[in-house]
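Encoded as structure tokens, the structure appears first; notes follow it.
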Amino acid sequence: MLKVAVVGASGYTGVELLRLLHGHPEVTVSCVTSEQNAGRPVAEIFPTLRGRYAQQLENLEPVRVAEKADLIFTALPHKAAMEVVPTFLKLGKRVVDLSADYRFNDAAVYESWYEPHLNPELLGQAVYGLPEVRRAEIVPAQLVGNPGCYPTCTILGLQPLVRQGVIDPTTVIVDAKSGVSGAGRGAKVDNLYCEVNEGFKPYGVGGVHRHLPEIEQELSLLAGEQVMISFTPHLVPMDRGILATSYARLAADLSPADLVRLFGEFYAGEPFVRVLPQGSFPSTAHVRGANFCDIGVTVDTRTGRVIVVSAIDNLVKGAAGQAVQNMNLMCGFPETMGLDGLALFP
Amino acid sequence: MLKVAVVGASGYTGVELLRLLHGHPEVTVSCVTSEQNAGRPVAEIFPTLRGRYAQQLENLEPVRVAEKADLIFTALPHKAAMEVVPTFLKLGKRVVDLSADYRFNDAAVYESWYEPHLNPELLGQAVYGLPEVRRAEIVPAQLVGNPGCYPTCTILGLQPLVRQGVIDPTTVIVDAKSGVSGAGRGAKVDNLYCEVNEGFKPYGVGGVHRHLPEIEQELSLLAGEQVMISFTPHLVPMDRGILATSYARLAADLSPADLVRLFGEFYAGEPFVRVLPQGSFPSTAHVRGANFCDIGVTVDTRTGRVIVVSAIDNLVKGAAGQAVQNMNLMCGFPETMGLDGLALFP
Amino acid sequence: MLKVAVVGASGYTGVELLRLLHGHPEVTVSCVTSEQNAGRPVAEIFPTLRGRYAQQLENLEPVRVAEKADLIFTALPHKAAMEVVPTFLKLGKRVVDLSADYRFNDAAVYESWYEPHLNPELLGQAVYGLPEVRRAEIVPAQLVGNPGCYPTCTILGLQPLVRQGVIDPTTVIVDAKSGVSGAGRGAKVDNLYCEVNEGFKPYGVGGVHRHLPEIEQELSLLAGEQVMISFTPHLVPMDRGILATSYARLAADLSPADLVRLFGEFYAGEPFVRVLPQGSFPSTAHVRGANFCDIGVTVDTRTGRVIVVSAIDNLVKGAAGQAVQNMNLMCGFPETMGLDGLALFP
Amino acid sequence: MLKVAVVGASGYTGVELLRLLHGHPEVTVSCVTSEQNAGRPVAEIFPTLRGRYAQQLENLEPVRVAEKADLIFTALPHKAAMEVVPTFLKLGKRVVDLSADYRFNDAAVYESWYEPHLNPELLGQAVYGLPEVRRAEIVPAQLVGNPGCYPTCTILGLQPLVRQGVIDPTTVIVDAKSGVSGAGRGAKVDNLYCEVNEGFKPYGVGGVHRHLPEIEQELSLLAGEQVMISFTPHLVPMDRGILATSYARLAADLSPADLVRLFGEFYAGEPFVRVLPQGSFPSTAHVRGANFCDIGVTVDTRTGRVIVVSAIDNLVKGAAGQAVQNMNLMCGFPETMGLDGLALFP
């Protein structure tokens, strides 16, 4: 049994990791930390865990955590992660970091969107943990930067088009929508039930959301040239789910059927990407609680634009599920182990 | 007191008309029809009306309806409207039709998206009832084609840009989102609570939604040239509200502040359009139950695209409220009469 | 025009007062205060007010507020209200207080459920502002203690039974359910969207909710004897609405039809109480945004229990609407003025 | 591998069975039927199953179904179940029936609440499948009548009190609340999103809900005397979950701590019943998607009433999960097999 620690377990990503790891036959959770709730049973914070998790939440003392675990999931805010990850690595532990701290190849990009990086030398060895893009690099990695939720959904939706060079990369517009759990569990008026319920709105309009450089980094690598996109996130009154509607001008003469075939072939064999039949498009409701990315694609023949719709559960394929998938790859477990749960519907 | 009839009152638009007309000091509702519920008190179908509406629902017999009313709101499905409107007109009544039947200038366009038109000769005299675009024509009209909800929201958001010629009209992409009441009150599995709740999805992907030709007709008139756009609607798990996020390449060198100023000046004096300050964007929650269209605008300077976000309540400014606004114009009442209710929040 | 102040306007009750007062033809809002947002336009805090409220939020300086207004609505937390109300009264102003501070006849009761009362001598002159119970006393009052939301809903539902003496008052059980706006607008994890959405739970179980003594005070007065009830509130994942399901053993041999008739006669002439026909029961959806209390009643003949179901909008009849109704009575306006809006459905 | 059939798979219970059975290591789903969708892939009806269920929906031909399966889950409406179950039994198959057809001991009771029973002779051999009440009888049963959702929640909440004789059974009032999936997947206006959303209402008021006799049958058996209760169900705007708030007069002098201890001891060792610590009460959110029944209990010392709050997921412990639990018992699998998933939160 692999001993794993969940560092930063009082947020929604933390509890989702605990839910998924509970169903993983090769893993035991040996340490769970939370600064704000240290000393309390984790099942008191999250009553869903009652009767199944007896652990107490501990303070985050990196050396003690490392002593208890073989692999560590850091579900901390950015900056907090890079304060502890180097210790874990030095002590020989493997790390899947769910913050933004190890997602960028270029420290300058990180620093222009976030803040000064405390250990930029680690960026070279960290692997961007999107298995459907770079599975082979994840397997041997000691440090994986688990992708953001919007980037996961967007990159998987655009990858076949960009890799095959069938779109004009200067015309990409991504209109994305997220459920509220993406905003975290902090006590803010903006995220109160009555503020969010029965309303729909954009945020980060004008190319200012921090997931934008992450998306552009990966699309540029896939395209082999610098890609710059427009990206607008919106808030949907629901708990979970991200759906991205992506637009680009076709650079090739492809019919809807051609595109569905192209996507189907591209993702053949991927256990967690489902390309929908022509004329079908995804709903976040159909991936709720599951590790799938569902993708539908078509052409607006009147305007020559391809439209890709991709959907994930932001807490699963967009966070905790993908982290477990990365762990499976790193540890030689079957990639789908612990992740074969179907979506909860309704 | 003006006597008005609401024809087709067992849908959401019908009950919204009754709600608004109840608060209108110059109007009395003299006739309410519903084929499926004829003979029952309207307050039995919609208990919100209890104690305030004593009327019984009647069968739709056009001549009898016309005898009872000076002005008739037809809240019928398309086709059903054009079967009765000519009778109303012949009997000298004024009509605000909330279906699609009288929104198009060109019968061929209507017929390619809907079905054969029964009285295409009326299209020439019908006025597209978007007061912020063609107020002067509405005033004397006998027949007003009340705009669709998506077109209202989209056209108001794009009008200043198109009129001022500051965008490249070949680059317009409209990503729109609607609450569920837009799907009507028919008994369909697709619109059941458990099918819709906690999910977000697109529909009509690929340029096939019937509101598309309506938007293009009006934008083309505003631009003075044929405009073709990409339009993708989505379904949001909430009762009311439409939000359109529109993208286009700027054809002029304008800053976000320039654009906010342009919009502010364009809509100065409009009682129901609120241009938000720079950096603010609308939420459907802030127009719920009110007749406003809220608009925010900015530039994605990295890509040279303008982004306009516009929001309305689909049942108010997108249907019943706009119909009352049109009635006010047609009858010489103050334009805001009966429409000064603020949004219900939360 | 009556000049009114809204003191404590950054909560949900405050904004609801502003919404309703906007539609009141005899009132002008001359002062709006908020400690936390002083100096900012009120429409910045609540964008629903944009274009209709130009006021800036002010600090709460009681003398200055009193100078500006004839009547003052205090929408403050308990304790904060009793710190300023005496000043308003001394300066000759009339006050409708929406906190709990002036709802109790007996300071000892207040103090055992809340805290030491700062001006218990005012309790004798304050009138419990439930018009359907004590309209005549409200008319001349200088100080009205506006009832709590649960008490309003519960007392209106039980009043006919208790007044007519047809139930055994020792058997009353009230199972009540509230939307989330009742929990206020404070930044608490418990009220975050993701904590509340898609869940249903009780709180204050075991007779510990602060609205309990308020309900018992009024029922005891109506019964002419001490009444003690069981009261359990629950939280419903919706913005607005309270529904109380009340149970008691019948002390008289009454059929469902008898009870519907009894209720109908009891509330005949009441503009805001709607007694539903036999076999019909209320939904909070049908009073959303309106000042009605809808009531349905029947008998469980197998067990001899009467069941009353009553529903209100907690922010309207349960708070701001009732406050305006009280103002109307105090100032000689028609009781329904500004309150004739129908519920927003859907 | 046990071959199982799911008969009636196009409803919410059917798809929940398929979700749970997918995660069961000893079971293979060999047949899935649906009259209305026969011939279509089940994953087309429920896209959550895409990539994991290749089956086509079949017509319900009882003999063919029996040939394909060892154990059959009938997820049909009442009446439809008793038309096919005898054939399954005659062919030696074991059956877990999720309808009401085999829940009653007394055909007369069934017939007074439902309709004439087609095979009343089977009622004697059918076992009421509530493992926490009669586990030993379920193990050898050929036919299990899977309990209703309200009865499961209510009986588990009241069992310790009734068995220990610590309440007056003539005073039991159950105020129950359910999410919308309990209403099924039929295309009815009443269950449309906009009819249900943002509203809360009772239904079946006055002791007329069909789950009432089922609850009374079981409580009477537990009490050893005829028990008659008041039962009022309500509809909550959420997908899943049932919460029952039950009231009764204590017949013994027990403190809250005594009661929590009594419940804890009573359910010690039960894998799916979680008795909460004193002062804690359940939320449906904490059992969403899981097979738990969470129970909190206290005393209203002022009135001498015990209050029990119990919560389940109506589709899991209230239907499909309990059915799998019964199958596990019948087939000698570990009772929790395939049911160890934790609740999805948020």
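The first chain written gets the first letter, and so on, giving A, B, C and D; residue counts start at 1 in each chain.
Note that in this section a residue touches a chain if its C-beta (ideal position, glycine included) is under 8 Å from a C-beta of that chain, and two chains touch if they have at least 3 such contacts.
Per UniProt, the chains are A, B, C, D = N-acetyl-gamma-glutamyl-phosphate reductase.
Because the structure is a prediction, the values reported are computed rather than measured.
The fewest steps needed to get from subunit C to subunit D, moving only between touching chains, is 1.
Contacts with subunit A and subunit D are shared by B, C.
Subunit A and subunit B have Cα centroids separated by 38 Å.
Between the Cα centres of subunit B and subunit C there is a gap of 36 Å.
Our note on geometry: subunit A versus subunit C, Cα centroid distance of 45 Å, whole angstroms. Shared contact sites, meaning residues of subunit C that touch two or more other chains, fall at 12, 181, 194-195, 197-198, 237-240, 282-283, 286, 288, 346. Within the complex formed with subunit C, the subunit A residues making contact are 12, 180-181, 185-189, 191-198, 237-239. Only residues 12, 15, 18-19, 22-23, 46-52, 181, 198, 239-240, 274, 276, 280, 282-283, 286-290, 292, 294, 340-346 of subunit B touch subunit C when the two sit together in their complex.
Within the complex, the subunit C residues that touch subunit D are 173, 175, 177, 179, 194-195, 197-203, 205-207, 228-230, 232, 234, 236-241, 243, 245, 247, 256, 281-286, 288, 296, 298-303, 305, 307, 309, 311, 346.
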